[in-house]
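Chain nomenclature is as follows: A, B and C, assigned in order of appearance, with residue numbering initiated at 1 for each chain independently.
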Amino acid sequence: MSLITLTTDFGTKDHFVGAVKGAIYSELSDARIVDISHQISPFNITQTAYILKNAYKNFPTGSIHIVGVDSELSVENKHIALFLDEHYFICPDNGIISLIASEIKPEKMVEITIHNAVVSSFNVLDIFVKVACHIARGGTLEVIGKRISDHKQLTEVYPFINDEKNQIIGSVIYIDNYGNVISNITKKLFQQIGKGRSFEVEARSYKFDKIFQKYNEGIDYETPIENRQDDGKKLAIFNSANYLEIAIYKSNLKTVGGASTLLGLKYRDSITVRFF
Amino acid sequence: MSLITLTTDFGTKDHFVGAVKGAIYSELSDARIVDISHQISPFNITQTAYILKNAYKNFPTGSIHIVGVDSELSVENKHIALFLDEHYFICPDNGIISLIASEIKPEKMVEITIHNAVVSSFNVLDIFVKVACHIARGGTLEVIGKRISDHKQLTEVYPFINDEKNQIIGSVIYIDNYGNVISNITKKLFQQIGKGRSFEVEARSYKFDKIFQKYNEGIDYETPIENRQDDGKKLAIFNSANYLEIAIYKSNLKTVGGASTLLGLKYRDSITVRFF
Amino acid sequence: MSLITLTTDFGTKDHFVGAVKGAIYSELSDARIVDISHQISPFNITQTAYILKNAYKNFPTGSIHIVGVDSELSVENKHIALFLDEHYFICPDNGIISLIASEIKPEKMVEITIHNAVVSSFNVLDIFVKVACHIARGGTLEVIGKRISDHKQLTEVYPFINDEKNQIIGSVIYIDNYGNVISNITKKLFQQIGKGRSFEVEARSYKFDKIFQKYNEGIDYETPIENRQDDGKKLAIFNSANYLEIAIYKSNLKTVGGASTLLGLKYRDSITVRFF
């Protein structure tokens, strides 16, 4: 039994996701299909890279991940399939895979070459499903593509480190369901550059000299609950994906607001760490 | 193992979808349940018809499609079950099936008659699930209903053709996740009426004399990428469902806008093709 | 084969739901995972309690329900697992379970004690998945926790009954996908207090002296359809979950509006029944 995941910007209203699942079940009646996300902001490759990186590694090895974001074939946007960290990925060559592949080298990578003469505007259905089912049946990547050694890089997902090595200049790459603002600064990079020094995180005019591991770490449970004013407290945290995040304790975008709305932090805004 | 799909206007927040799935698994522990959509605009039959038509045909033959949109039973809104194109459909008789049934005649159709005395406001759970499980277990339609030969028609989904046969006057029946605007004019009808003549598509004050097959077909890949201004380009396309669509290249309703917002096209607005 | 359901406030855009599913499949390759809801308003325990109560009972006995809303571990927010009405629940001890447990006593309840030294900000992934898989493999609750006899109560979900027993003062606990406004007054309580007397339901300045069983019960099907003005009609109904609900016939929050917007009824507003 094969496990196939879907990560797309299709939304969940249209027939697109249903059509793709139907096509997979038509080829592989015992497939297990899992939605990672269909709510990616249309054509947003950085969001896709972040979501995919943090979801895929929880799946069993051998899982096949279809990524359908900005996947229309063109001379500048090839389709690729790769085997990396014991997982298969089928995606456009637009940088989506680079967040994962920058840490773990692909073991095998091909440019998909099974496109026939028929022009398609729904490549996930017409091409990616076929490739996924081929792999699920035990087929090799060489049969559906030609070996390549490079893929496109996504540049904006990496922070800048100054020459003195006392500053990491990152940026917002993702805003989550709670409005929490996620930077491209990983805990690993932070430790590597910081080497245990004191630091200050700056996001707009807000400063943080502590980075938490849990959202409720700053709550003083000794104070009687009726005297606490912790909801809405802002904090810096290494989130569960090990990225530096600016969060609001118990935030809700639809009621009290979240870090993104309350602190005015948007996608691509800079977040800086200074060590001293 | 039976494959049962769900197409509803329940949304995904409430307990409705979970309740229906729980009830199916309680009757058929090895069922495979696939969501087609739960985000249909409440009571919108045209949207449902469009989504269902484009999703169902990708599923394996023998699949059972439950459609729960405007499904409360009344003297004017019967429940029907049908076998059509090797698929089963369970739905209210409110026109939902007519987009499919206008192209492919139902092989068998019954009015569901298993409603007992108990009044229900959740017919999908109380009636449709029972019918689906009955069919999944190999039961016949005759056991749960009485044969009928007609179903309600949905009139607004068909475009008007003028007497001179040089004009198709269609309308917007659907707006997708990218804001693309989909008309009720199929490629088949276009070719049948147009017979290869020149044409002009008109949507509000916008005109198109070309209909693409891919969204990026109009992009000039010879021009260096930094000199191109293609994002936001408007185009007419026969979409992957073979309907005439007005689209914006790489649109995003939440950021740059889509065809619906940028061109001001709404559900039911007219889209006209003139041949000459 | 185990059936595991998920009820969270994670939303469906982020990697959270995918990560949890991946982790379950990694431990239990043949698990069946069903989403009840991921759209719960962040940290809203009352919504969660309502959705969970109305969904769980439709699932097969032996199902395992993971509830991830406000689940970060603290000295004030323990994790519990319980067996109740032949179902398993894994959730924080924040009152989420009290709507179910007020009607049906838990057969067994433990405080989860498998948290190791590692601090986690993603407890559903790091703790609840492990507990669910343990139960799914036939493990007992005693192995992963210590017996407890009490759980936290959610007070706002119960209506107030006056001393004369001729008034139920309830409040809005949920607003559904159609904008229908659901109170915390159950049909059972209504009948128990009302004992068949005449009554008046009051919600803001709106009054109802009838409670329907179906949304279309008030429609006069004798009147020709073109003369009817029923869409947008307001009504009181015992909904399919047997809660008193204020509804609008064929409402749609995005177009004509729903009871919540048209009647101005919000979460926690009072809804009163007077008997006479």
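Quick note on the criterion: contacts are C-beta pairs under 8 Å (C-beta built on N, C-alpha and C of every residue); 3 or more make two chains touch, one makes a residue touch a chain.
This structure is a prediction, so every number in the text was calculated from the model and none was measured.
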Which is it for copies chain B and chain C: same residues on both faces, with over half shared, or different residues?
different
I'd like the angle of the rotation relating chain A and chain B after CA superposition, in degrees, nearest 5.
120
Whole-Å distance, chain B centre to chain C centre, using C-alpha means?
31
Tell me, which residues of chain A touch at least two other chains?
12
Interface residues, chain B side, partner chain A - complex:
1, 3, 5, 7, 12, 32, 34-40, 50-60, 63, 176-178, 213-217, 219, 221, 225, 237, 239-241, 250-255
Which residues, counting only chain A, touch chain B once they are in their complex?
9-23, 25-26, 29-30, 33, 41-44, 70, 72, 74-77, 119-122, 125
